[in-house]
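Pasting the structures in now, so scroll down.
Same chain, two partners: chain A is paired with chain B first, then with chain C.
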Partner chain A sequence: MLRYFAHRIVQTGALLLIISVVVFTLVTQAPGGPSILLDRNMGPDDIARMRAILGLDRPLHVQYIRWLGQVVRGNLGISYQAGLPVLEIIGQMLPNTLLLSAAALALSLVVAIPAGVLSAARPYTALDHTVTFLCFFGISIPTFWFGLMLIVVFSIALGWLPPGGMRTIGGARSALDITRHLILPAVVLGAANMALFARYTRSSTMAVLRADYVRTARSKGLGERSVLYRHALRNALITIVTVVGLQLPRLVGGAAITETVFAWPGMGSLAVRAAFERDYPMIMGITLVISLVVAASSLLVDLIYGYIDPRIRYE
Partner chain B sequence: MATLTRASATSSAAARARVRTPTERVLARFRRNRLAVAALLVLVLIHVAVLLAPWIAPHDPDRVELAKRLTAPNIEHWLGTDEFGRDVLSRLLVGGQVSLAVGLTSMIASMVLGILIGAAAGYAGGATDAVLMRITDGMLSVPLFFVALMALALLGATVLNLVLVIALSSWMTVARVVRAEVLRTRELEFVLAARALGCSPLRILARHVVPQSVPSITVAATLGVAFAVLLESSLSFLGLGVQPPAASWGNMLSGARGYLRTVPGLAVYPGLLIFMTVLCYNWFGDGLRDAIDPTLAER
Partner chain C sequence: MRTRALHSILRGAVIALTGILVATGASQTPPALAQGPANTFNLPIIDNARMWPIIGGLPNILVNKVLYSTLVKYDAKTLAPVGDLAERWSLADDKLTWTFNLRRNVLWHDGQPFTARDVKFTIERLWLNPQVPFFQRANVVDVSRVDIVDDYTVRIVTRVPFATLPVMLGYLANILPEHILGRYTIDQIRNPVDFLRNPIGTGPFRFGEAVIGSHVRLVAYDRYFGGRPKLDAIVFRVVADIEQQLAQFQTGQLDLMIIEPHQVPIVSRIRNAQIVDAPQVNYTFVAFNNKVEPFTDRRVRQALTHAVDRKAILEKIYLGKGRMATGPINPLVSWAYTEKVQQFPYDKARAQRLLEEAGWTAGPDGIRRKGGQPLKIALDVDRGNPVREQTAVVVRQAWRDVGVDAEVRISEFNALLSRIRSKPNPLQSWTLWYITPPEADILGYYHSDGTLNEFGYANPELDKLLEEGRATFDQKARAKIYERAQRFMAWDAPVIFLVYPHEIQALSRRIQGWPAIGYRDALTHMVGVTIGR
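And now, the complex of A and B:
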């Protein structure tokens, strides 16, 4: 087990290194420089001096190694635009993105698993067809449009929920207030995954329901509920966990759009801004942290495998 | 002698009636799936309308008439006008050209890339396979939307870059499918026969092995268009896709954001079109898959 994780950590490290090289090259070689160098009040001399201060006059590989050296010492550099340490800004934004993603993931699982199990238990009934139909809607609906439509209905027409942001401006800081702001974005971000997870829960539960041990469980007189949730679902969960693991990178990407639609102060909106302003340290920091979060979550998924199915060994 | 001929004639007629080619069987199964057929019809309708946009659009889609800003749907402007007084219906039709063209081209590009990588990995095996599949897995574990978004912000949001970015972030599924098919077919007798006859590996791949995976590729292509249209609209919505004043469904929605309170209709139509297109491609692709491989139907 330890060897397995050591292996995984080495692999993750290698992947992060490759991503960072690719992104670094892309970022620094892209046409146009950081927007702070576009200040009209600066003459050519000032710009040259500024470039020297930022280290942008050095060859590419020197710049990269300097950056890497900083990162190893736990320093992601200073944001050109904000003038604050990148790590500090990300530290403020990351929890918001994690909160939104976790809420969306939890919501999608809470809805998808029972829906999938029920439609597997009664295949080809009206219920099953309805679930399948809704799943196609969930997979096909454009995230941002779904968000806009929910804002029109629930915020503008009905006035039940706030149309964006994370807290009521000037209001008291309370968990309830954040929850009210969280509902719409979490539904929007969760919708596509909800549909996908329900489809996979249905198919894997259906496959498991044909197994001999399910027949045994039924024949010894267990109730249908018990058969479904204790015996069938437990084994179907392996597939679901795999799909959840595969979807994690997309969940983080989807968060970027959802955050923009709902003005949620998170990594997504931060990334869009950093990219437009060519804030090199910020872009690199965000890429690194996001990749790290995704890698860590997929490691977590692997750990969950062993918990769900003790027969799984890590080698 | 005469009776014999008649007997063989009737039996061959009977055989002709009974035996159907695999393609016919796939089509027959597809026709029975009413949802998929309906989806195909809607898709044809959308594509024909969009293709004929220059002739059927009631107004010039880029003509600004500030006196007629944000009018409600009326006889002259069936779906009303936008914030610059441009006809919404005409913009939807013309904008669809860009959205669908980007969707289809990037799908084709990602198919080509996926087929090349998948076929190379499956046929070569060994180290080539290992390296190519590691790259594929690596790509799947990167938050690609994030990278796509930053790449477009950095490299400039042109239509070409958009197609490249979408293609580069969606070839992995096809590569895996093609690789699996190649691994399956590689050792079959007719491939061995071709090899024994001295065919070059390239010819074997192009003429014998890859055609075997055409059904799976077709399904992946259909679902790929859905994905590409969705991605294009998301990126355009964020201002990283097709640039105004040129219309695309994604950037029309982006423009409509500011008028959600006053004219919510502006945001409804383009979104509904994206939604319908993606939904129908998904339904169509799903029906196609069930028709091609009935054993998958119950999954």
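And now, the complex of A and C:
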């Protein structure tokens, strides 16, 4: 087990290094440059001076090594745009994204798993067809369009929920206020996952329901509920956990479109703006954090496999 | 049994969600959703603002307009320079030494008095310091030093006669506190992280809170030298997406947003919204790279200008929200502007004749050629702005109609600007815009040594006029010089001057006292703005 962990950590370290080199190269070599260098009122001398101050006049490998040196010391640099430490900004945005993504994930699981199991238990019935139709609808619908439609209905027409932001600015901070702001983006973000999870739950549960041990369970007189949830679903969960695990990076990476459409202050919208503004330190910081989470979530999924299926061993 | 259980789970989820919706929505009356405190003015910014007026960027500029002050600002009606931190100013006989008398009742937001030391520090240690990347240095580069006469008087000495100094001191030139920043090292000045967590200015609104990705909240400064603002607060909401801005405007979370012409009909239908056509000192243009063929030939530039139906562009693309441009000086600079210049009406026949005269004759495929080379022009435009994208398409077609093999290339704004500024500039032609100080001094943009001359334009005759204009102090004499400059430029056609577009503002009807000028300048007149019911 320990050896397995050590192996994974070394693997993760190497992966992060490769990712950082690739992203650093791509970002700094992309056409254009940091917005703060492109102010219309700055002349060539001012731009050259600014480039020197930011260290952008040095060779690429020197710039990278300098950045890496900072990172090793726990400093991700200063955002060109906000003028504040990248780590501090990510620290402020990450909880917002986690809140939104966790709400969306919870919502999608709560709806998708029962719907998927139900579909599997009664395949090719009207109920199954309805769930399947809704799943395809959920997967196919463009996020930004769905978001805008919800805003039009629930914010503009009905006036029930705020169209964007995370809280009422200047108002008292309350869980209720945040919940009101959270509902629409969580529904939009959850919709696609909901459909995906329901489909996987359905197919894996159906496969398990055909297995011999399920027949055995039924033949020894177990109730259908017990067969479905204690035997079939538990085994079907391996697939679902894998799919959910693959979605985990979004917990940290944020959903750029949803966050932008709803002006949710999270990692996704932060990444989009950083890319537009060519805020190199911010882009690199976000990349690093997301890569770390991808690696960690992959490890987490492996551990959950072992918990769900005791036959799995770590070597 | 089991189906019933699953049904009850689903039903429970639906009921819970509906319950939350009803519970949270029940107290709300559409369309005015939670707006926060009533006496707050809300407007959008597309990104986090860095409240450090040394660095540019629209979000920073907007927030800094109300947080800080300048020595001079612009009158809300005439845009003429009037005192802000400076009460009055005068020029010595040597035409180099300006004396600025400062207001005596100004307090920084931390209660410390504003003095001449702050002015000297800001200009010498920040603006003119080569180690500090001040984004407006080009405007003040002719200042050589600042002498403190007493606590409330400074002398600003320029290297050369610099008639436009007061105007330039009002253009994005915020004064910063010496008592805080004076002890900063150069590294701290470059990255003033602590200062940004609690920025101190002298503007009518002081720093309240900044939540990254969400908003900046500035609150009324009770001891503002111009009297306490009537508003309690201004909130700059970070809203990058234009549709989200519109939704927030419709639901009352935003009181102002800038819209494009095609959005006017939509906003006009919104209850409690008014459209404000705000002229501002700007112009849009189709630029030529004057250093490369075929644009080195004036006849080609004139022909390409005649080929474009600018009136149609103004009416169909800008929906009439603006005025046809005749040159780089905006009509708002009324003392200098003249429309008595060579006009370039849409005239396809004349355009073709001029091209013939320049040696570009039509080939069998309709494309003009000279020395075997086809007349091929790539017109670059930035992605995402519908007005500029449509303009580019119309111009391409107009040029094709006179035998030019024209194509439009769309790229991201940063990439486009970066290419324009490459040495040498690899582009042939592009369409963009300029927003300038309310001044006739266009030396930076069109002088052969101008730091902002992106057009590669160089003409000794115009250079001389622009130098004269900058060094002449009598306004009538200056007006004559700039009249000649405008006539010369119109005839020489270094770029196609398209439109002086209005800034179209969607403004909540509850806002009163908002000056109908570009919102950057309007923000310097927030003291009198109120919110009605």
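Observations on the model:
Basically, the second predicted complex is superposed on the first by the 299 of 315 C-alpha atoms of A that agree within 3 Å, B and C clash if a C-alpha of one lies under 4 Å from a C-alpha of the other, contacts with A are read in each partner's own complex, and residues count from 1 in each chain.
One rule holds in what follows: a contact is a pair of C-beta atoms (placed from the backbone, for glycine too) under 8 Å apart; a residue touches a chain by one contact, two chains touch by 3 or more.
Just so it is clear, the model here is predicted, and its values are computed rather than measured.
Of the two partner chains, chain C is the only one touched by A:Gln81; chain B is not.
Touch criterion met: A:Pro44 reaches chain C, while chain B stays clear of it. In the overlay built on the shared chain, the residue A:Thr260 is in contact with chain B and with chain C.
Contact with neither chain B nor chain C is seen for A:Asp309 once the two complexes are overlaid on the shared chain. With both structures placed on the common chain, the touch criterion links A:Ile151 to chain B and to chain C.
Between chain B and chain C, the partner in contact with more residues of chain A is C. In the superposition on chain A, A:Asp57 contacts neither chain B nor chain C. Shared-chain residue A:Arg180: touches chain C; no touch with chain B. By the document's definition of touching, both partners, chain B and chain C, reach A:Pro31. Taken together, the two structures place residues 30-32, 148, 151-152, 156, 260, 272, 276, 278 of chain A in contact with chain B in one case and with chain C in the other.
Listed in rising order, the residues of chain A touching chain C in the complex are 30-33, 35-36, 38-47, 49-50, 53, 78-79, 81-85, 89, 92-93, 96, 110-111, 114-115, 117-118, 121-122, 148, 151-152, 154-171, 176-177, 179-180, 183, 223-225, 228, 260-263, 265-266, 269-270, 272-273, 276-278. Listed in rising order, the residues of chain A touching chain B in the complex are 15, 18-19, 23, 26-27, 30-32, 123, 136-137, 139-145, 148-149, 151-152, 156, 203, 206, 246, 249-250, 252-254, 256-257, 260, 268, 271-272, 274-276, 278, 283, 286-287, 290-291, 294-295, 298.
Residue ranges of chain B in contact with chain A, taken from their complex: 138, 140-147, 149-151, 153-156, 226, 230, 233-234, 237-238, 253, 256-257, 260-261, 264, 267-268, 270-271, 274-275, 278-279, 282-283, 286, 298-299. Touching chain A in their complex are the following residues of chain C: 1-3, 5-6, 9-10, 13, 17, 20-21, 23-25, 28-37, 40, 42, 46-50, 52, 55-57, 130-131, 133-139, 172, 190-193, 196-197, 211-215, 217, 233, 235, 237-241, 243-244, 247-248, 250-251, 253, 411-419, 421, 423, 434-435, 444, 451-452.
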